[in-house]
């Protein structure tokens, strides 16, 4: 008899945890200051929504869009999801945000399958793998679900929302090095993981730009090292760079984790090496400025990137576009986007739209933007 | 000051299936060495564990210095000055000798251990014992004898008033034993009361002033040593006449079943030669630590011999594993039934069929019905008292457990069976049954090797007896000429003595 | 050579020192910058908390247990104090360190209670807690990071600062190592830790409260993980929720290389210190010597297996020596 | 001399009660399984949609494949932490060989061979170094195998395996709503159940787990059994790698992380005792589906994956504590009438 009581107890525990988390912590609080406890309701839109039964395509206004980031715990991704949610709310749609447990394709596929099972209407995904998501996304599209990719592309998507053209990003990075070294000098690249699709795309584009015009002939690209988007590894790699290459002038880190770590090391060892790359203002506050390791840096507005992804999904959902090259659609905020051709050589396999040019942060505007993201 | 420093009245202790102590009395005077004699399994060790607080008595009371006491843990016993030196030394192998001595009562100075002072005192204690090791050696590196010295030093360091020594001389050379006697006498002269447990009459005559005999967990008598003869002792320890207990069938001995030629394994045994024929029961006896179990384990393939050869039916064999031994018809019933013989939380049926599972399987698939049938016949053949085949082995008495192990051995077609201490911790009724099974197996032409340290059993059951001491065979006695004294004398013949001793045959 | 010196040379720690020196020599040969003050300082500074936590793991292994939840404990305690700093609840740096330490102790106690009272195998209990604490880190931080500027000024200065030319983190590690060395060698509690690991039956019979010793050991280990949480967050000036993933493997590797036996009862502070330094050098040297960084994990795995097997061979040899000495 | 051995008849047929006793933990587990499904059903309406249900069952069965041999390891009182790393190394080499030779059959054979080799190496070290516990050996090989995969993969990920039609179908193909992989898993689970409970090998594993010394003295080759179990575990990791690659189409070095925890959680929830020698295979099978559907249900509720990890970790600990506490409650078995 005793064992049966214990078994019942077990079922109760499971039921309680399941119910308690039913609310789920799917979205960061809408308000600016992320409070510590999870918000109770799955969709955090301000306007009260009647109970959303995600019947396949019910009335126009109760479409449900979902965004899948690379993984939990990356602020850039948090901001992107936050933008996506606001845009969806503004269009009166429901939004589901999912952060996979780790940066693996299988975690994202599991989430995609869950969303398909829930019968969402649109999925935007920042892919962890150039091939793996294709079959899962294809299955979603077979169920009539609209699929777009953002931040990094993968096969199986109908459109790639590209935060900034790969070449535009590479161009600003090369220009930063050129400017910081005064035209000639040695630089090295601190990247994220060896398999990050967007990192490899920008690095390939930088190589092409430097090769094509001799203006950058005197820039010597020493090496490329990988910090795995982990603080300690990036620290170690940066310290090794400083030790192995005494003549190093500039470190380029096209990853928000890498640039912060590199700037920290340079600051702590007060080395005169400069650090350029792509970084989040809120991370880099205190590291960007005139006599600081990072004179200036670039990035795009992740919030804007999330918003455009939502608009793209809406455009596909209500038939404004079918994703063919040359087609255009306008978002409810009035900006029109033209779909341009893919760029397979730098890893973009689908037709794409460019959200905008990389935005420059320096000593005077870092303070203000650090509040935004 | 009451006449007795320690008194036990009507102590009874029950274990599942066996009554270890049955209304036992015991009196110990201050400044006295009191010997405790009795067969294995007579309850001596349990009595010691009750005095030292490891076990709590079910009935009866313990009186210390005239006051009734009850020890809930060994720590409490130690605090009032009761220290024990166990037969199997419980030491910390990774720690130094000093720490083993002072563990629990370290020398502290405002919170910190005084290593120098402790090492010095430990070294002093070791010197008084004239031991040949250093206080900073690791306990794990010492021999059993040396570890026993450390235990004695431990008792000295606690200046215990009552010291219990359980078979202390078993693993010692004569020289070491002599030194132990002097130390024990010095302890007694310093006022300590000593309880000395031993098999060896010699220890008792040399040291003790009074002796108490136990048999089958019952108190027999206490007398002054001077008016006790060896015959009285054996009579007290064994009780019944020898012949009546042992139904030894007279059989004609067949040809040779197993022979070992100068088998040796460094650190355990050296140049062991012996043989057993079909239908013969051969005894192998000696004191604790003589290496008998190690020899049998090497024969059975559990451990590897460094040199020597083994012949089965005259044919040279190389046995590297237990299953190879069983395939060749050699079986072993281990000394430690609980841990090596049986799976306690299994039913007796599955325990019996464990050794020969392939017999009950076709293409690897078990036929449980056939398995149960065989288990039932064998269990009944050896007379196991159990309700069903599925009674757990842990629920059986010592005797019944041994019968299950014997039943398991019968599943293989064996022609040589080694039984290591077959009747240890078994009540008298079951002992007789086991001897009968032994007789029956011998009758069927099986060669039986019985390893035992119980004199009556060896004398009563064996056709030939080998006696071992410190890893060597010190003598072989035929059934007729063997007596208790001769065996004991051979069991203590150290290598040193045997080289010097040139006569071949010792007169009684 | 005097007996004392001969005894010292044969100890395991000495052979470890030789291995470490040889390793450094090879690296120095491949990259002359290796044995410079900055690199040494950066190694000690980057790996100060790994070395610190190795002493905690030593005590857990000494009682025959294991704790693979230390990485997650570090993350949880570091994140907690970072979040509290962000909300302005923690006034100054040592309060932040205390909070982190407190969370670590709490985690350690929880692990200890489940192992001693719940009778759960240490590997299973800490495997479960590894995921529980990591999940909690994400849960309380709502998957957010705590940025550099959201940490207290003096907290960052202390963690990155130096006194008398040596980084404060290294000072903390030195102080804790001295404390554990004294605890293990000179206090009753320390000797009881060895006793419980060496022969738990004898320990129980001689009246040592083994469960209480085990609980203390796991709580102490949690405390060091908590302390390391604050050190990590302060040094890297930011609290992410995926920090110290897999750190427990480095720490166990350091102990195994340092000659600690997993069955308990065997292991010393000098040994694990050398083991931790070896692991730090291996982790750091690969990028210095240009060996393909992808080899690092494989090398570490091989080193653990080699060290463990070497321990066994040494033990077998000493057993054979004692047996041969026993005159028959 | 009367005959001392009194022949007493012993009842040979298994007592009715025995069946009830074995089933007790499975009954509680079945209750939990139904409970999880009931909660899932009413919390998310389309939980019962067969197509989606099986898609998600497929994903956790890839990990379930590794739980089958883990049950054998636990039965021996051992644990294999290197399963996740063996899967990633096997999958990596499958990708490398496939891309090199364009023959998928060769790729699959490589994966199975590599998996078996990894398992055999674990087994070999355990035989040659009996003093070492499987935990520390597999901890070392866990890091070594994943390190090798990282070195081989280096900068790129091997990909394109799904371009081979029939290989992709290994995972996707369905007979009606039921995927082929699901049937394959059930057949395999049945084989594992049969070997564990009905064969000599199975009985020997139980014996080794219950009392290794007694098993050794009863003539069981403990070392060879251990070696076989660890090699079998390696092989099953190879099989899991094949299906993983068929599902994902590409391999990276963070694949298979956490497989060992999932596998252990499934076995322990299934009633396997961590001390060895106790446990039933049906329990493990039910536990695999219970955990999988619990995770799927929570996914449908969009519960943050990290919170799911907290639940799985907490569940693992509570189950083991319950098992131990329950063992203390059980009263001592009454001793048979001693003579």
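A few comments on the model shown:
Going by the order they are written in, the chains are A, B, C and D; count residues from 1 in each one.
Assume a contact is a pair of C-beta atoms (placed from the backbone, for glycine too) under 8 Å apart; a residue touches a chain by one contact, two chains touch by 3 or more.
Bear in mind that the values here come from a model prediction, so they are computed numbers and not experimental data.
Counting C-beta pairs in contact across A-D and across A-C shows that the higher total falls to A-D. Using CA-based centroids throughout, the chain positioned farthest away from chain A is B.
A separation of 35 Å divides the Cα centre of chain A from that of chain C.
A separation of 45 Å divides the Cα centre of chain B from that of chain C.
Inter-chain spacing, taken between the CA centroids of chain C and chain D, is 31 Å.
Residues of chain C found to touch two or more other chains are 138-139, 143, 241. Touching of two or more other chains is recorded for no residue of chain B. Touching of two or more other chains is recorded for residues 154, 304, 306-309, 314 of chain D. Pairs of chains in mutual contact: A-C, A-D, B-C, B-D, C-D. Taken in their complex, chain D has these residues touching chain A: 24-25, 27-29, 31-32, 35-36, 39-40, 43-47, 49, 52-53, 55-56, 59, 154-157, 159-160, 162, 168, 172, 244, 247-250, 252, 254-255, 257, 294, 296-309, 311, 314-315, 318-319, 322, 326, 329. Chain A makes touch with chain D in their complex at residues 2-4, 6-8, 10-11, 13-15, 17-19, 21-22, 24-26, 38, 42, 53, 72, 96, 98-107, 109-111, 113-114, 116-119, 129-132, 134-135, 139, 194-195. Chain A meets chain C in the complex at residues 25, 28-29, 34-38, 72-73, 75, 78, 99, 225-226, 230-232, 235-237, 239-240, 243-244, 257, 260-261, 264, 268-269, 282-283, 285-287, 370. By the touch criterion stated above, chain D contacts chain C in their complex at residues 79, 125, 129, 131-133, 135-137, 139-148, 150-151, 153-154, 258, 260-261, 264-265, 268, 274-275, 304, 306-310, 312-314, 316-317, 320-321, 324-325.
By the touch rule above, chain B contacts chain D in their complex via residues 16-18, 247, 300, 302, 321-323, 325-326, 332, 334, 339-346, 349-350, 354-355, 357-358, 361, 364-366, 372-373, 375-376, 379-392, 394-397, 399-400, 408, 412, 427, 429-430, 432-433, 436-437.
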